[in-house]
Structure formats: structure tokens, C-alpha cells
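Two complexes are shown next, each including chain A; its partner changes from chain B in the first to chain C in the second.
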Partner chain A sequence: MAISKDVYKEFEDVVGEENISDDPAIKDAYRSPNITVVLPGDTEEVAAVVKLCNKHKIPFKAQSTGWSFMPPTYDFIFLDLRRMNCIIEINEKNMYAVVEPYVISAELQGELFKRGMICNVKGSGSTCTALAMSGHGHMGLTTSTGDRNDLATEWVTDEGEIIRLGTLGASDEWFCGDGPGPSLRGILRGGGVITKQATKVYHWPGPSVYPLEGSSPRYTLSQKPSDLNMMVRYFSFPSIEKLVEAELKIGESEIAFELMGFCPSMVSSNITTSNEEDFATLDKFTKEVQGPGFMVIIAGNFPEDFAYKKKVLAQIIKETGGKSLKTVEDPAVESTLLFQCTRVCASIRETFRAGGAFSSMMVQGQRYDNHVRWLEEAAVLKRELIKKGLVIADDGQQFGWGEEQGHLGHTEIFCRFNPYDEKSSKAVQEWLGKVGKRALDGCFAVPAMGVLPIDEIGKHVSNYHIWFGKLKKAFDPNEVGENTGYSYVGADISGVHTSIYKKEPEKASSKK
Partner chain B sequence: MIDEKKLVKIVGAGNVSHDRAILEEYSRDMSFVNTIKPDYVVKPRNGDDIAKLVKLANETLTPLVPVSSGPPHFRGDTVPGTGGAVIVDLTKMKKVIRVDRAHRVAMVEPGVTFGELIPAVEKEGLRLNMPLLPRKSKTVVGSMLEREPVVMPKYQWDISDPLACVEVVFGSGEMFRTGQAAGPGTIEEQWAAGGAQKTPYGPGPAQWNRLIQGAQGTMGIVTWASLRCELLPKLEEPFLVGSSDLNKLFELVHWLIRLRLVNECLVLNNSNLAAIMAKKWPGDYADLKDSSPPWVLFFNVAGYDYFPEDRVSSQIKGISDITNRIGVEAVRAVGRVSAAEMLKTVRRPSDEPYWKLRYKGACHDIFFITTYDKLEGQISVMYELANEFGYPASDMGIYLQPIVQGANCHCEFNLFYDPQNPGELNHVEELSAEAVNVLMATGAFFSRPYDKSARMIVNRDAAYVEALTRVKEILDPNRVMNPGKLCF
Partner chain C sequence: MAIEDYRGDVEMCCRCGACKHIPLQKVKGIEHSYACPSIAKYNFHAYSGSGRLLIAKEMLTKGFKYTDKLLDIVYNCQMCGACDISCKYAMDMEVLLPINEFRIKCVEEGHTHPALEKVINSLRKQGTMVPGARGKRAAWAEGLGLKDATKEKVAVYYHVGCLTSYDKNYQKLAKATAKILKKAGVDFGIGYENESCCGGRAFQMGYKEDFLNQAKKNMAMLKKAGVKTLVTGCAAGYQAFKVLYDKYNLKGKLEVVHITEYLARLIKEGKLKLNKKVNMTVTYHDPCYLGRLGEPWIHWEGKRIPGYKFVFDPPKEYRRGTNGVYEPPREVIKSIPGLKLAEMDRIKEYAWCCGAGGGVNQSNPEFAMWTAKERIEEAESTGAEAIATACPWCEKNFNEAIKKSGSALKVYDIVELVEKAI
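Showing the complex of A and B:
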């Protein structure tokens, strides 16, 4: 047992015996020998559990739906929030929804579709939490990003205090998260537990339910996208410069519902159902495209709007020398991409399926065109790994997309590889380190967390790690809030997106 | 008292004043906060001056009150909350540092006014998402730091917009850059690498800009800020919709914003419409007010580089379908007010005298954030209170601004009064204090609390105050930044 019987009983008193476990089988399921799993059912239970952690100086880690689980190597309480799974409110008139942390985007989106609305879905996929916290996604062009969609929020600090931001604290309502005075939305990430949150939602011009036909895993739509005032195309360009020009013009003209900077391998992953089929399709696409590309979805609010948007798209593509990928013009393929890329249900195929793991260098917020030079260097290095057979062959392409009609953006390049192959894992980690260092030295961007030691990054970036460390200390004086994923001073440096494949958990030790 | 020689050493002799008349000017404004005279007024020339001033303030425990906009001031946030203060007047920092068409972003020092920045960005084909008719002396940075509402809700994705990044000297004296500007590299190195200071969040998990906005200068002093700009349209078709039914107007507003059909979008009552559009006083004002419907919605349809005529006509078709369904009519003119003239007016700062001062010489604003469904009830409450306190409700201006892409609405009551008439002044002060209390009970959210009620509004939530105080202790440990404001 990770904690004493007496202390275990105190936690059990809060959540009930059916909602706490340190059974070895359960620990194994969570891939950690150091874990005591607690399943709180509401905000008060979360606060009580966190207060107990403070009382006994036991570290805790909370998780909603999870994506990249990085369990600490010391004994800890794990707050699994899966019981907190209610959509509390959908407010159509004021365009927000209120969710608990275990509501997944697919559930919320399904309810919103019925009302002609949609939420931002993170790139990690629609099975991830609908909380508007961090995470950029395929529909960022029109549904913004996690960092900017949150409204009022209920937050349990690392000390177990319940803080209700904005209108929630003032009048028990959800429509605004800022104030009175300075906005504590500024310190939400990286500490404490969000127990309820309002998120902005947006207009959805598509159907209330997709008219799916076929059977798993090969679905398509019974209606052509054009019958729904929607269109999906993939365009390749003669050069990166032309691609960037087209992307910026599309953003500025406000015609696209979604612009996803897929490279051909991501398109082939989306429309195929096995690796064999995927690689064959990629081979075909690679021969067909003229250079880098992106996928774009046009959606009209009414027929005249749809016609106008298509007309502008055609003009922009003509001006920039874009070439449409014929396979995607097939309505069956087009409709598959349409529902998969708006329901965002193919993220795992894009990333994990080919090799079993992927490691990514991403920059969230800055526009794609800011990073082209740096990413081209990263792509050259990646191609060397492809040549050596250390990562999956996908022509080494980077990708990115605009957000908020091109005001902001997302940029990413990843390597898919076999995590059981030590040489591959090592090579990818070294690649990440080199690319991250180049991002700093070239003044391009702040590399993804976990790539370089945080104090190495922080000294190049206004010493933010020191300031964040001060915030952390102020709100977590007993140092019980485990936030490795957000990397402050002294944080572990963990691999990115690979840890769920680690077979053997690290050996338990006491927290230093 | 702080040593004047030390101030002179930092900013130069010509930029330090303790002239009685000047100190008097900064000791009060048009709000109801107490009059407190500062010891000095200093005018820093750049960020280094500011950093040295903050360091000196920490050494001598001298309160600093940052002021970026010129007079008249209305909200009490730039009046010292305690004795012995030094006013840090930023009006000399007037550089438009950069306008970047490709990234749709501008960077300015804190003394740059809207009137100064508008032509600079227009030259590059850009425009600002700005508040409604700011006074001529209002600065862009001041407005953004106060989270003032902007007239194009479609482009306000987050309530922090259009602010992007800032360089700030925290109360501790340390310099910090927020968002994408934080690094790596200097600002010039970031430009050379193809970057722009546009991404507002970060660095790291925190969103530091949110801690500085709404703080009324209690966390630090901003030395420059960048802001997102929008494209100048190629073609525009503005409209007005008059109605006595506010609910119908807001049904239309909801769909106009939800479908992203319009740029500018705001609602005025007839008093404010007349106050803004009247050319000759007082005759014009009375005529305009009498000839206008109780409520007027203004919106603007825009086309950009590609087939602007097609875009505008398709948007107007969509809007017609909605207005037909709701039973209202969008027209080019309502009474004697034309939509085209309204568009020209809301694109600029206010002419002099400031529009809120034209009617009676003074104005007190009560403003909060709310939702569309509550508006009618809150307006009724305000009318009842006005009657109760002897303020003529028909004189009251009302400005309703949908914000954050329609998720919220800024509601503002403008109480025009004669400052030379002690009776009127007292009525407005008493009405204001009571209105805040009563409106809060109806769900009005005073996100930006100023004046005498500020402390009461913030202090209602002890847990929130405790958390804010912890942040304050990090950024301004000696509490030298604008003490006496908010809960600090």
C-alpha cells in the first residue's frame, strides 16, 4: 500500500469505499505501482481530497480524460475525474456550454449539433475532455483554441480552496470568466483541479446528425457534402511559400470552416482502415501531389454564402498554383474526411497507428509562416531518420494551420516510430532535442514542453519558469500538486506522447 | 516624501513637476473618489525610465500611479488612493513602434492615442477594433488594459482582445514580456526570424496578460503593447434598425453575430443616439432624440479583397431572411440619422467636446457585463431607480454592446448631469451607489469595478480576493503600484 491504512480510510470517508483503490490490478491498469486511485464525484469531494493531501503532505495528480499520462515516480493520490461527466448547461442564446471535466468533446458536440452549434475539439481527438483548457484543434480557424474559449470556471486550488471565477463567483452564472478586476484565468493552467467550466460554442452550419452509412471501420455519408452546403478539398502547392500565401488569403477572406495543414500521410491515415492500406494510399498520394498541401472544408450558412465561399477559394487556389488531390474529390472520400475532421475522430490513426508511438514538436499560437524556415530544417533532420529506417516514412513533412481566421496558428512536425525499438526511441529524442535547441537559438519559438530542461528554455523566455515557480509556490505551499506536464522549475523531463506505451513502470521511490 | 533630485536624475528636470496647479489636476477626476493630491508628476521617456522609477519606488516605498490617457478622467483609477504618491504620466511615450500588415498587428507605446494610431494602421490597409467613440485623449494601451468593450464583436474572440503582448515592469521592478513577445530572443531578433508579437498567451502555462488587464495599474506599468488589427474592408453597407422592442433587436443581434454576418454591431437608446449624432446643440439633440425610435441597432456588412460585391450581397440576403423572420426592417436611415454617417462616426475618436460631456458638461457611467435575456429587466430596474432618485430617466443614455462574439453584452448607463449644480451631482452620486447594489442582485456583473463601489464589488468574494492577493504579492511585493484600488 502506498499510503497507511489510517490515511487511506480518511480518503475513503470522503469518496466512499467503492471510489478508492490501491488494488494491484487497479495500479497495473493505471500503469503505476505508486498510485492510490480516488474517484471524487463532485467539487466538494475534490476539495476534501486535496485538503487531505495537504494535511498528510501526499502529492496528488488529477486527470480528466487523459492523453499523455505521466505518473510520478513517487507515491501519490490520483484523482480520476471520470465520475464528473455531466453537461450542466447548453446556453444557445449566449453561445456557451458548461461541462464537468469528464465530458468528452464527442458528447458535447453531439448535443450541440442538434442545436446547430459546435465546440472547439482539441487535436488529440473527440474522446478527450471538452474543458476549454489548452489544446489546439482542426477547427481552430473558426472555433478558436482551448486557451481562449473558457468563460466562468470553478477551480479547486492545490490547497483545496474552491475559487469561482468571473460571474460564477459574483452571481452563480457562467457567461464571463474575467474579473472583477484582474482575471485569474491567467493562472488556471498548471495547478489545481478544474471541476466545472463554461466554454464558448459556435455556429454549426452542418447537419444535426451526420447521415452515416456503412459499417465500422468504414463509414461514409449517404448524402454528398455538396447537398449539405459543404465541400472538402485537399490542395498541394508548388512551394511552401505558395502554400503559406494561400493559407493566409483563405484566413483573411473568412471563407473556410476548417483549414487543416495535413500532409499526405495524415490524409491517408484518415481515410484508410489499416497500415497496409494506409501506406499504399500514401504512396499514391505522394506521386499525385506537387508539393506541400492542406485540407480545407468550406461550409455555407445558406446557398448564396456557400457559392460565394467556393468562388473565392477557386480564385485563391488559381492565384497560388494549388492543385486539387483528385482522390479527395470523390464524394465518398470527401464525406469520410468531412465527418472525421469535424468530429475529429481520426487523431489516433494519424499519430499512433503507423508505428505505435509518435513524438512531436509543436508550437501553439504563433502562425505557421513564422516557423517555415525552422521547420524546414527540422524536416531535413527528420528525413535523415527516415533514410536510416528509424521512423516511419512520410516524406518528413511538417504541417500547420491558422486559427481565428489566421490571426493565430499552430505548427507541428512529428515522427511516428516503434517505441519498443530502443534505437528509434533514442533517435527521436535526440531529434527533438536538436530541433528544440534550434528553436531557441534561432529565436523562432518556445519548444514543446519536455523537449529540453525547463530552466534551459526559461532563461531564453523572460525567465518565465521562475515567475511560474513563484505562482506555484504561492498556490501550493505544501508542494502536493503534481504538475509534471506543465514543467516548472525542478520538474521531470518526460517523453512526449510515448509514455502510454511504456511496459514497465519506473521503480517507486520517495519524493525528494 | 521622495527626493525630487532622484526623480530628476531618472527622467530629467523637465519631466518632473510639483507645481501646485498640476498636482491639483491629478488629485481628482469626474468620479466620486476622494481628492488626494500627489507629491509629484513625472513623465518617463521610455521603458528604462519606468524601470528605474519602479526600483526607486520600492527603495523608498513610494506609491506610483500610472496614467496613460490625458484628461478628462472619469473612473477614479488614476487618482491617488493614498498620500505621498508619484503620478507616472506616460503621455510622452508616443511611439508607434511597428505596424505589420502581414501579421495584422501593431505595437505601440502607452501614450499613443486612437487618433494617432488609426492613420498609421490605415496606411497599411489595417484598422482597429476600438471602443465606441473614445475621447480624443484616450490611449490605445489604456483602453485595452481596462478591457473596454469594442464595436466589432465578431472579431473579439476573447475578452482580452485586441490586446496581444505587453512589456511590463512589474511592481517588483523586474521587466517581463508576455505571450509570444517573451522570447526566445529580443524583439528585433524575433522580427528577423519572421515572428511577430501576436500570440497573447504564455509564456508557459500562465496567461500573464490576463493578470495585468483589469488591474488598474496595481500590478505594474506597461512600457509597450501589441494589438491585433483587422483588414480595412473594400466595400461596406451599413444599416440601422429602429424598434421599441429590445428583445426583437437582440434576437437579430444574436443571429448577426452567430453567423458572422456583420462587423460593427451595437445598440443605442435615443438619448445616446442623439448625443452622438447631434451637430448643433441643443436644438439638434432634442430633434434627433424626439424623431428616433426608443432603440436603434447599428450594424455594418463588409466585403474584403475577393469579390466584395458578391460577399456583401450574399450577406445582405442572409440578413434579409433573418429580419423577415423576426419582423424588423434594416434600413439606410432612421429618422434623421443615416447609417453611412453613423459608420463614419464610430470609426473615429469622439470630436471635441467629448460626446458624453456635450449635453450637460459631465457624465457618470454605470456599466457591467450581462446577457441578452436579462437586459430588459435590468434596464427597467435602472429606470425605476432613476425615478426614485429624481433623475429624469428619459435623459439617461444607454449603450448596449455585444462582446466576445455574442457570449456577453456590455450594458452602460450614461447619467448626464450639470457639474455646477450640486443637487444634480448629489442625485447622480446617490443613484450610482444604489444602482450598483440593486443591479448586482439582478445578475449584472461588474467585471471592471471603478470608483467608490469598486472595493465593495471585489470584496464580495473572499476566496477570489485571497487568490488575487497572492498574485499581487508576487508581482508587487511592496505594494507600491496604485495602492488603494480594487482590493489592494
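Showing the complex of A and C:
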């Protein structure tokens, strides 16, 4: 990046010589030729770096663990928050945990398990930040979703001001995001840097440590899931209506810990340890299922509770014509799904392993009726790509899950493909555009941003983007903060999670 | 194979970051969640397994640009392979092999590290990885009456290794091994001055040619002596003879056994009786080169099947750390009366490195010490009085870290514990 030696020195003075670099090798590892990387150690250093960016009008961008970080094409100061990796507090009584950005979910979850508690973990996996931010995950049925879990937050604005939001604004307490004290939760959607955040935690009926045995990549539980008062099953249904009915009943009866609307390919990816094994297993599963399905995890607090929940589940499945996938009833397979889908430790088996990239379109808010119907259409379009041999053949299936016992939901469909095959990449991009547009035009849902232009989405939702633009301007007068479309923090706005960046980023002197 | 041959693998890296940590389902909290010493110490993503692959990917496309920082990244890696295991829990791709090839390329193109050059010069001149080694390789064996395996046929050849042969503080391991093998009635011999460095550490440092020279020299000697079974107490040596020699088709039918495997066998067969009590609680440190990297080499040649899937013809079987040597050392420990084993958080295929691997103890002693101290603290947290290991390089690094940190923890090689029990 073309910042002068003097300016570089100013940043260096903030973070120390060993925590700044613009060496080409360092940049290569961040997949961006445009950056100077700084590793701030605390909130004050973050604020000082951001202030310097304002002073010199150099754009900046922060990352937590960097999994969905998409490097911009303009020159920027890049704040890698790796050194900010402390769990500040776990408050058992008020059920929250306060973390810095580079605490990963696996770490927080490990600590919480010991206390009989659990946090929401983003579906991307427990390598990602434990900050609440926006994030939907496997356990949403009981642990809700990222942007409904964030409580008090420490935030460095785009101008470098440190703001303490929620109860933190009026006290040292972290228990509420909305006050007493300022609440800016509604606008914490891109921009600034979250340096500490409290996230809600929930009751965990499972063990404090999973009794794992065996070696990688085939860990298994030394006890049967039923010995832990836990059970995993996969059910397929004769129709989407029956699946929806079953999901609603499960939510209503509050008997499940997790309900993951996996397609068979996600089950087979999870339980297999190589691509070859995965494709063979998927073939078998595709023949076994009768229609769309979901995976459900029951977790009893004690044997009688477990027995009750199982009984209710059996009744619901009977009423809705569900069919259990026999392979999952094998305790070894069940074990794998149990710890993997509660610890969220194998999502790259589901997404990247097969072809090297996946590209996703998701809709959020509710799950039933509209969203599921949109999915059916998106799947038809996906099957066309499969027929042409452009994406991994998984029968066009999709997935999603209910959140807060089904009052909310997340619905998603993705294509896995080889990102180095131009034809595939192009076809997938077009498919994304089509299904995104269909979601809007058919009034099914508002698709996640990144695929469609913000203006196009905005006009369907009260022109919120215009208001957001004004807010952004007020917070970021020097236009140095994130401006890639007021995306929600937590997932970068590009809908494409690929492992490559083929195009040389344009050499732009300014991000405008 | 060269770095170019791993283009497909480096392109597969999705930047998930799992290679920084132990397998995620094993993470019990904020402590001991990291697997990679390099990222844990140096923080820039470049120092992680993934960062190294991403650099390789860029440079394979745009050409190799050697900056001081790049070399700092390259040489501050213990080649411990923890990243490789964590990645392969979920992915079908190589991680450590391209990292290793990257380093080999640096060496081949003359971008070496001065401290490692010194070590390699010693290897070239004296056949040992212990620079400035004085005296005879087998001075420790004087008066023990051990057979010379190059002069008479023996059932077992004991390869002593450079550090154990030359470092006065670790010759005790050779003596203990000889004593135990004698006690168990094993017909064994040593190579005396014909023993030469296995070359394994040279390979880790990137000096492939020097490694191959050593390997060829050793195999010629062993063949001439008619050796069928080689036993060694050095984890680096074990991995060299068993895995690397096989990789380069030099091993032939030689049976390579680590001393802990051999002792476990002798104990099972009733040939070695451990009857003296050793009242102590120890924790066990899996040396990387005995544990995950001690997994046998898998010969495979094939091509990626064109198309959208990352699959090969014939199907590629990956070394994922499943078949490393984990149980035999534990079996030996458990056979010693009075000795209790308390496990650390990071064990077996996801053990934390002692810090000495990849030549880091020579190229950056401070980093090697930092890594060892982390392990010492982890060992202490188990409540054990001592950390047991099965490699002289680990023992040496731990001893130095303990000296520096003032820890009260004791360090033993398993052969020392067995010696106490006979």
C-alpha cells in the first residue's frame, strides 16, 4: 500500500513495530495487495488507529477471525483483531458472556459447557468469532440468532470515538444492549469496530465435556448419545407441507434442542471423512429419503425429560408421515452428528471440501410457507446447473433451520463448485442473481445482501438504505469506514465464499 | 514432488482458520485451544498453516519474491504438522507437505538461515547435527561391551542418534537403552563410528539433498550389515527412517521401530519385567515426529479427475494423523508400577510441539523456548510432577525452558523411567 514512511511510522507508534507490516508476504496471506496490516492489542489502540485513518483519510477495515473477510479493492489499513482474544467475563447469574473479537466460538462454548451453558454458534463454524454480531447457526432453535443475542457493546466509531452501548453506557454492567444508556443496536450494521461485546448464553442440557475417543478424523463418543440423554435423528417427509407441519409442531412443543433443516448431502458430508466416501454416502441417502427433511437433536435434562421429549417427537413424526434415515440411528453416526452439530466443527466438510468453493443465497426472518416455497423454485434452477455438470450434484437440495422455537428462521440454498472453472463460477453467479431477484419480485423474502445491488433491495424495504446512508455519513464524515453497502457485520457482503480471488483488484486510489 | 505439484492443495485453502487450533470438538475453553505455535506467537495470518499456503498460492502465480519477512515466516515454523491434522479433519488437501516444499525451495534457491547453515555444515563435515561435536560418536558406549552391528550379525540395530551420541547430558539415554535391552536379553548392536545422522532434521530444515545423501549412506551401511530391524529412541530419527526413507523409496524392507514400541512389545511378551515402583505422576508429551508425523507414508500417484469435484484417480488416501505412534509410549508408562499418567489437554495427533522442530531451536531459540514454556505450563496444569517424552530433542528443549522459567517440573525420557523400574 502506498502510505508514506512517515504515516507508517505513526501507525507503528500506536501498535509497536512487531504489530504492523506491509510486507508483500504478509499481504499475500491476507489475500490483498492493498493493505497495511496492524494488530491492535486493545480498544485504545483500535481507536488510535482509526483516528489516524481519519487524520490521513485512509480507509480502514477490521476483521475478527477473518473467515468471511473479503478484501476491498481499494488501499486500506487493515485491523486484524487477533491479539484481542480475551473472555472478559462469564456471568452465570445473568446469563451472558463478554468477549473480545478473537475469542472463537469453540473457546467460549468450551468454557460455557463447564458451567452448564451454551452460546449461539454461527453456522460457519466455531472457528469464527464469538461476538454476537449477526450470525445464524445450527442451534438457533434454542440459542436464537446473532443479532438477537448481542447485549452491551463497546464500539469504536468510524471517527475513532469509543462508545459504550446499552447498560455499559450507564454502568459497568453488560446485561442489556438497549439501556439504561445509549442503544445503537439498530444501526450496528457495518462500520466502526466492535471491540467487546456481551452475548446472551443459554441453558445446556448436555455434558460439560463430550466423552470423545478415537483419532482424527474419526472421533466418536465413548458413550451412546442416549446415555447422555441425547438423541439425533434425520427425518424425511412426503411433502414440504408435512415438513413444515412437523417443524412447527416441534417448535410449539419445545422438545428439541436443535432442528437443522439439513438436506441429505449435508448429513453425508458431516459423517464422512473424504470426498469419495461423501459422494457414495449421498447416493445411498438420496435413495433412502422420501422427500425434504431435517435433522433434529433432543437433549433431556434428566431421563424422564428425555423420555417425554422422545415420545412427543415420535408422535409428531407419526402425525406428519416422517421417515427416519436408518444410518443416523446407528449410535456411531449419531454420535458424530451430535458433537459436530452442537460444536459446529465440520462446516467446511459441508461447504468447501467437495469442490473448493460454495456460493449461497439465504433468506432470513421466518422459515415457513414463503421461504420454503422460494427454496423450491431456487432448487429447480439449481438442478439445471447440476444437469449441465457445472456444480456438485446434490439433487438441488437446500437447508435451513427454525430459530426461537420456529418463530424465526433461516433458509438457504447453495451450490458447491470448482472456483477455478470459469464456466461454473459464471453460472453460479448468474444463478445467485436469478434466485435473489426471484425472492424479491415474488415477494418471498429479502435476500441477504451482496448479490443484488443495495438500491434494488432497499426499495423493497422502505428505502431503508437511503436512511442508512444518511446515518453512515453522520458517523463517518471522512468516509474512511466500511461502506460496502451497510451490510450487517458478521458476514461479508459478497454472497460468494470462494477460496480464490482471481481478479487482480483494481488499482484504485480511492474507494469511491 | 515440488511446491508446484501442490498447487491444487494450496488453492483449496478456504481460510477457515481451523489449522490454527486443535480440532474444534477438542477445545475445552480458552486455554490450550491453539495447535500452531507459530500463529500463537507471531499473530499475522502469514504465520499460520493457512497463511503459508496462501503465500505459496500467490507466489506460484506471480513468482517467488524473497523478502526478509518471508524468510522470517518460513523459518519460524516447527514443521510440527499440527495444522495439517486440524485441516484434514474436514478437508481433503495437503498442508504440511507444501509448507515443507516451500522451505526446500527457499534452500535450493539459496535463501537459507545462517544458524541452520551452520548446523548443515556440521552435518556435511562431521555427519552430525550437533555443531562442534567433539570426540567419538560412540564414546558413551565405552566399556559396555556392545556388539558392533557392522561387524557381526545382530537381531536388532540400535540407532542412537546425533544428540544422544554427542551431547553429554543426553548420553544417559543411550546408556539406559542399552541397559534395558541387555536386561531383556535382546541381541542388539550399534554402529559405533559407522553410525551417521539420519538426515531427518536436515529435511525439516529444508535441506532435502543433504537428507538424501544421509539416507543413501545410512541405507547402504544398514544393507551391508544385514540389518532387518532398526530401533531408535529419537523421534526425528524414527520418522526419517520409517516415513521419509519410505517416501523416497529408500527404506526397502527395513523394519523401523521406536524404542517405546519395542519396549511395549518386550513387556507384552514378558521379556522385560518392570517390578520396581516409581511413585510419581507424569504427563506424557507426544513428540510430533513420533506421534502424528510418525504415521506411515502412503504411496500414491494419480491425477485429479477433471471437473468440479476435488477427487482423484485412483482415490487419494491422506495421512490424517490417525496412525501415529500414540499408544505404545502410554502402554509402557502404564506398565511401570507406581507411575500414574495424567494427560494434558493437547495430546496425540493434536499435541502441542516442544518447540525444537524444524530447526527452530537453532534458528530462533527464543521462539523454541516460548513454545516449550507453553507446554511446560500445560504439563503443570495436570498436577504431574514430571513430563515424560520419547525424544532427546524434546527433552533438551524442555530442560532448557524449565531452567529459564524456574519451574519445578522434572523431565524424563520414557527409557529413563523404565530404567528406574528394572
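Simple rule for what comes next: the second predicted complex is superposed on the first by the 481 of 512 C-alpha atoms of A that agree within 3 Å, B and C clash if a C-alpha of one lies under 4 Å from a C-alpha of the other, contacts with A are read in each partner's own complex, and residues count from 1 in each chain.
Here is the rule we use: a contact is a pair of C-beta atoms (placed from the backbone, for glycine too) under 8 Å apart; a residue touches a chain by one contact, two chains touch by 3 or more.
On a predicted model such as this, the values are computed, not experimentally measured, just so you know.
With the C-alpha superposition on chain A as described, chain C and chain B fit side by side in the combined arrangement. Shared-chain residue A:Asp369: touches chain B; no touch with chain C. In the superposed model, A:Asn275 lies in contact with chain C only, and not with chain B.
Look at A:Tyr219: by the touch rule set out above, it reaches chain C but stays clear of chain B.
In the superposed model, A:Tyr210 makes contact with chain C only, not with chain B.
Once chain A of one complex is fitted onto chain A of the other, the partner contacts of A:Lys114 are limited to chain C, with no touch recorded for chain B. Residue contacts after overlaying the shared chain place A:Lys93 against chain B, while chain C stays out of touching range.
Once both complexes are placed on a shared chain A, the shortest Cα to Cα gap between chain B and chain C comes to 22 Å. No residue of chain A contacts both chain B in one complex and chain C in the other. Note for the complex: chain A touches chain B at residues 91, 93-96, 144, 147-148, 151, 157, 161-167, 169-171, 173, 175-187, 189-190, 200, 202-203, 248-249, 252-255, 301-302, 304-305, 307-308, 311-312, 315-316, 365-367, 369-374, 404, 406-408, 439-446, 458, 460-462, 464-465, 467-468, 470-471, 474-475, 486-488. The residues of chain C lying in touch with chain A in their complex are 11-18, 20-21, 23-30, 33, 43-46, 48, 50-52, 54-55, 57-59, 65, 67, 69-70, 73, 85-86, 88-92, 307-311, 315, 318, 320-324, 326, 348-350. On the side of chain A, the complex with chain C involves touching residues 19, 21, 23-26, 28-31, 37, 39, 65-67, 69, 80, 82-83, 85-87, 103-104, 106-111, 113-114, 125-127, 209-210, 212, 215-219, 273-276, 279, 339-340, 343-346, 348-349, 351-357, 389-392, 416-418, 420-421, 424, 497, 499-500. Residues of chain B that touch chain A in their complex: 102-104, 147, 157-160, 176-177, 179-180, 182-186, 189-190, 192-196, 198-216, 218-219, 228, 231, 254, 258-260, 304-307, 310-311, 313-315, 317-318, 321, 369, 371-373, 404-408, 440, 443-449, 457-458, 460-461, 463-464, 466-468, 470-471, 473-474, 486-487.
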